[in-house]
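The two complexes that follow have subunit A in common; it is paired with subunit B in the first and with subunit C in the second.
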Partner chain A sequence: MIQNAHAASSRPWVAETEPPFLRIQKVTKKFGDFTAVDEVSLDIYRGELFCLLGGSGCGKSTLLRMLAGFEAPSEGRIEIDGQDMAGIPPYERPTNMMFQSYALFPHMTVERNIAYGLLREGVKRDEAMSRVADILKLVQMTQFARRKPHQLSGGQRQRVALARALVKRPKVLLLDEPLGALDKKLREETQFELLKIQETLGITFIVVTHDQEEAMTLSTRIGVMDEGQIVQVGEPAEIYEHPSSRFVADFVGSVNLFEGRISVDEKDRLEIDSAEMGGTIHVGHSTSCTLDQKVWYALRPEKVRLDREEPVGEANRARGMVEEVLYLGGQSIYKIKLDSGKSVKATKPNLLRHEDDAISWDEPAWISWGDTAGVVLTR
Partner chain B sequence: MMRGGWTLPVLCVLGFVFLYAPILSLVIFSFNASQLVTVWGGFSTRWYGELMRDTQILGAAWISLQVAFFSATIAVALGTLAAFVLMRFGRFRTRALLTGMVTAPLVMPEVITGLSLLLLFVSMEQLIGWPAGRGMTTVTIAHVTFCMAFVAVVVQSRLAGMDNSLEEAAMDLGARPVRVFFDITLPVIAPALVAGWLLAFTLSLDDLVIASFVTGPGASTLPMVIFSKVRLGVSPVVNALATLIILAVAIGVAIATWHIHRRMKEARKD
Partner chain C sequence: MATLIERVPPMRWTAGLLRRLGLHGRGLVIAVPFLWLLVFFLVPFLVVGKISVSEALIARPPYAPLLEWDGWRLNIIVNIENFRYLWTDSLYINAYFFSIQVAFVSAVIALLIGYPMAYFIARSPEPRRTFLLMMVILPFWTSFLLRVYAWQGFLRSNGVINNTLISMGIIDTPIQMLQTNFAVYLGIVYTYLPFMILPLYANLVKLEESLLEASADLGGRPMATFFYVTLPLSLPGIIGGFMLVFIPAIGEFVIPELLGGPDTLMIGRVLWNEFFSNRDWPVASAVAIAMLVAVVVPIMILRSLQARLTEEK
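After this line comes the complex of A and B, so read on.
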């Protein structure tokens, strides 16, 4: 559950060794009758790369715009580095934003785009230009300094937009779908560069994204949003392995959900009677629930074992027919229709180049998993 | 349908003849030596000489150019403001009313615009003594009122096509709203301002009806002078003047085409 990459000292949200750098307290934003952001409270620490993850219309962009100062909260309080942000216009906030459309000024060269913020701040021209040169080097765009935005490719524009937002050394950098406009390959490369830059400069990043993979790779913590509310906050592995609700489990990654009722509730084990599974699901841990309560058992496809013969030793197993096989190169996704009628997804890494004996379409097969593989969800 | 036959070229030629034969005949007759407009009396540039000595026409042309210049400039300033308010100030209460009022001059018959402005000017003079009499000032004001509507429409469409986040980005980088307007908004919508100015200039130069209502002694615009001359019989001087105007327009169009062509070539090169 704990990511090894982050040592305990760099995880202030666990130990609370320092006060939060950015505090969002019961912030609500209403547009007429529509509530875009609904009583969101969030603490973000210095140097974090925090991802706000959610589908379109979940309020994540509105929350970001409130941090930047483009929208005023209807209720609640936003504090950055101990300073209340109420009534402070965007041009006086210690934040900078990288826009989804990049919003590069079309009539200015790359250099002047980046220098614009510094000159507004009153930085001397010589100093501004040397800082522009430094940041251009950081994003590897030095040779394009004299180009206009329309002479650049999508990836290059993205770098310029990042440089322009970074050059003022904001306390908080806000990124709205920063990699949304890039193609998949470029996106993966850029993710790592973004991480490197964030670590080099130590600026607090808040990223809005709808791409759960992006959120997973980039962030120290993720806040999953739905209908204006934060439904779960946690480190990527926590969100993935311990989702707090069906929505989170389903939104982050792929999941199999079995509906059922608690039939046995003991101190260190549970049993769920599930018609969808066609029997009993054995769970090797307890959770806060009562007997006969309706629950959902969430099981990730990669935790499912697939066999031709009935497996022995696993706590849970069910028989079905292979309905579909999707070959993805590195792995294959199997869709197995259980005898109960429920379709279950299972992934299998393709370890061999030619597997003549691979399980295929319309074959009967067994799925199985251990008693620690899944999570019991009550909502 | 027959492909590659003669139908299309013939229709094409007929079309062009229909469009340009009158203009061509006008140009040819401007070099006519005869006093009579419809009878060819040999080649001469005599009417161009007379045109240069015709102080009435030259004076009217000068007045028209001044009126067009000032009314286009004022119309661009006011029209841009109106467009900006309509596009950027969200949904204020009188928005629908303002939209209607800004665009009304587009569909208002010129006779009504002219007449109502005349009445306004007369009653204003009686009440506050300004504008004293009618002349260039009143014509300019009248032209601003209807040219402004055209400018507002042109600028509005450009603002609608402009990415809002450009202005937000500038503000985010520390520019105050006024600064944002001059640094970002204005340069981005500049092409629309130029287009609006040229449109307003042309409309003002072309207007006969409204100017006739609101002008006064000594401030006849070029269309008014030409119109009154033609009523007394077409003078070859008017032909010469028209030829010069056509020449000026042709040069303008040629420069614009060349400019656009060059810009497109540059864009393709990138």
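After this line comes the complex of A and C, so read on.
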């Protein structure tokens, strides 16, 4: 995972050095009996690249559409740069949106598509055209200015859609699955370009995506959504290493979950008795829980050690049988069936080109991990 | 499919016969409408074309033959006098222009009324949309002739409209509506409105909501969105609807006959009079041919325009 440079340089959400730029306060959206967005509150700061991450139907797109003004919140308040957005139609909002389908006007050339927003704003034709030329250069589409959308490839359309949304220099740019329609290779390239453009222009980006990898790569912060609610907000590393619930742990990346009960609860140390894992788990930190409470221990596959020899110590270890080995090139995924019956995933980087003595399937093996490798989850 | 044809003897024999004639599969599918057009359009058209270049006779049939065998050679007698005659008598020219004017104005009015209706239907939620579309098509279930007659009942001096207005005290004497050009426009717009709405609807229903949202998002107010996005994108539908109203309205006979006055000289009526009152088949045929030419040119222009617009998307 690549860390965004922004996260390190300025993090106003940590120190609260500046007021939030975009405030969503207890916003609810109902469609009949169905609650699409349920009392969401969120503060987003100037220059952030904020990702709303969630599965389909989690309400992330509805939230974005409320920011753009296509839907009115049933309850709650949206504020952009100190201005209440209630009752302000889309064409008067300081936001621009890049649509999932791109929504390029099929009857206009690339140039006219991009100029559209400027001309509606009353910008003079000459000035509009020079600004269009600038933005076309930024997205490297200058030679396609006279083409129509149907004469472009998917990646080129994506750039035009981005340029059209950027050219008006909105206070907030809303992106709905911006890379969803691109193939994997192109998506990775475009991610970096999107980051570069965002840093160049300093516009606040809000990206809706269902792709956790995309969210990790792009964002300063991620808001994970489920069933209309924001379940966790945090920087990518925080979301990955300190998920607040089983849902987040499972949705962002891959995870092994061991159910168990707290057997020892001390100031900076916990012990969990897990029948599912078939042993005791030592945890090198405390969390707000009580003795004998039901908890889940979340352990990422890359933090699992896999050995033939029995590891020392009596906790944080279990024996099992390698069931499957998936070779992915850079790493391999091992599926191990523990003696307790639980299946566990472990990944191992392939450091050598030929490893003659690699652990293979149908071989007994031990898994083990350190005191700080996993997280205790209470929900 | 093939197995079914192979199994049933009469079908197998027919298929075999057709194959021997060089027809199978796709060729056959195209051949049927092609033959239909050949027999019921091209041949009659050639007959009309032949009559239009012959001389009128008081005989049966009331025109001179095109080919004459005078014992030792074949004479082809072509008489273009009929076409020249159309130019010299201002009646025909006026009737042409008036027909085109009526058809054009009616098509424009139908467009102005039909566009908002088609737009509204296309933007309605699904169950209501089907119902509204049904309402548009519903008039076709009653005979066209009956519906035009019904308008007479509404428009005549002691008809529904005049009676209502008089009883409400708005007017003292009935307004002359029947047998005016107004009644003709009304009748044509009323009759052909569904032909305007349906192609417009078919076009507008495909218009992506996201395009309208994109326009609004980029600062386009509703009016701007309409003129810069909706209208240009619905141009193929507009042209389609316009043609479906304009073309049949030019040759319309029933509506001007039933609702129009003596001065409503449309080409369909002239044609009728020429054929049935005057019994001058050659001139009538010439009128028909000239009308076809007059209509085909604008159709071809509109068709190519429509094709270009559709292709661009």
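Here is the rule we use: the second predicted complex is superposed on the first by the 367 of 379 C-alpha atoms of A that agree within 3 Å, B and C clash if a C-alpha of one lies under 4 Å from a C-alpha of the other, contacts with A are read in each partner's own complex, and residues count from 1 in each chain.
Please note the rule applied: a contact is a pair of C-beta atoms (placed from the backbone, for glycine too) under 8 Å apart; a residue touches a chain by one contact, two chains touch by 3 or more.
Remember, predicted model here, so these are calculated numbers, not experimental data.
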item	value
Fit or clash between subunit C and subunit B when superposed on subunit A	clash
Subunit B versus subunit C as contact partner of A:P90, first or second or both or neither	both
First, second, both or neither for A:K124, with subunit B first and subunit C second	neither
Touched partner set for A:R379, first subunit B, second subunit C, both or neither	neither
First (subunit B), second (subunit C), both or neither touched by A:P106	both
Intersection of the subunit A residues that touch subunit B with those that touch subunit C	68-70, 89-93, 95-97, 99, 101, 103, 105-107, 116-117, 120-121, 150, 164, 168
Complex contact set, residues of subunit A against subunit C	68-70, 89-93, 95-97, 99, 101, 103-107, 116-117, 120-121, 148, 150, 164, 168
Footprint of subunit A on subunit B - complex, ascending	163, 165-166, 168-176, 179, 183-184, 187-188, 267, 270
Complex interface listing, subunit A residues touching subunit B	68-70, 89-93, 95-97, 99-101, 103, 105-107, 116-117, 120-121, 150-151, 164-165, 168
Subunit C to subunit A touching residues, read off their complex	208, 210-211, 213-221, 224, 228-229, 232-233, 312-313
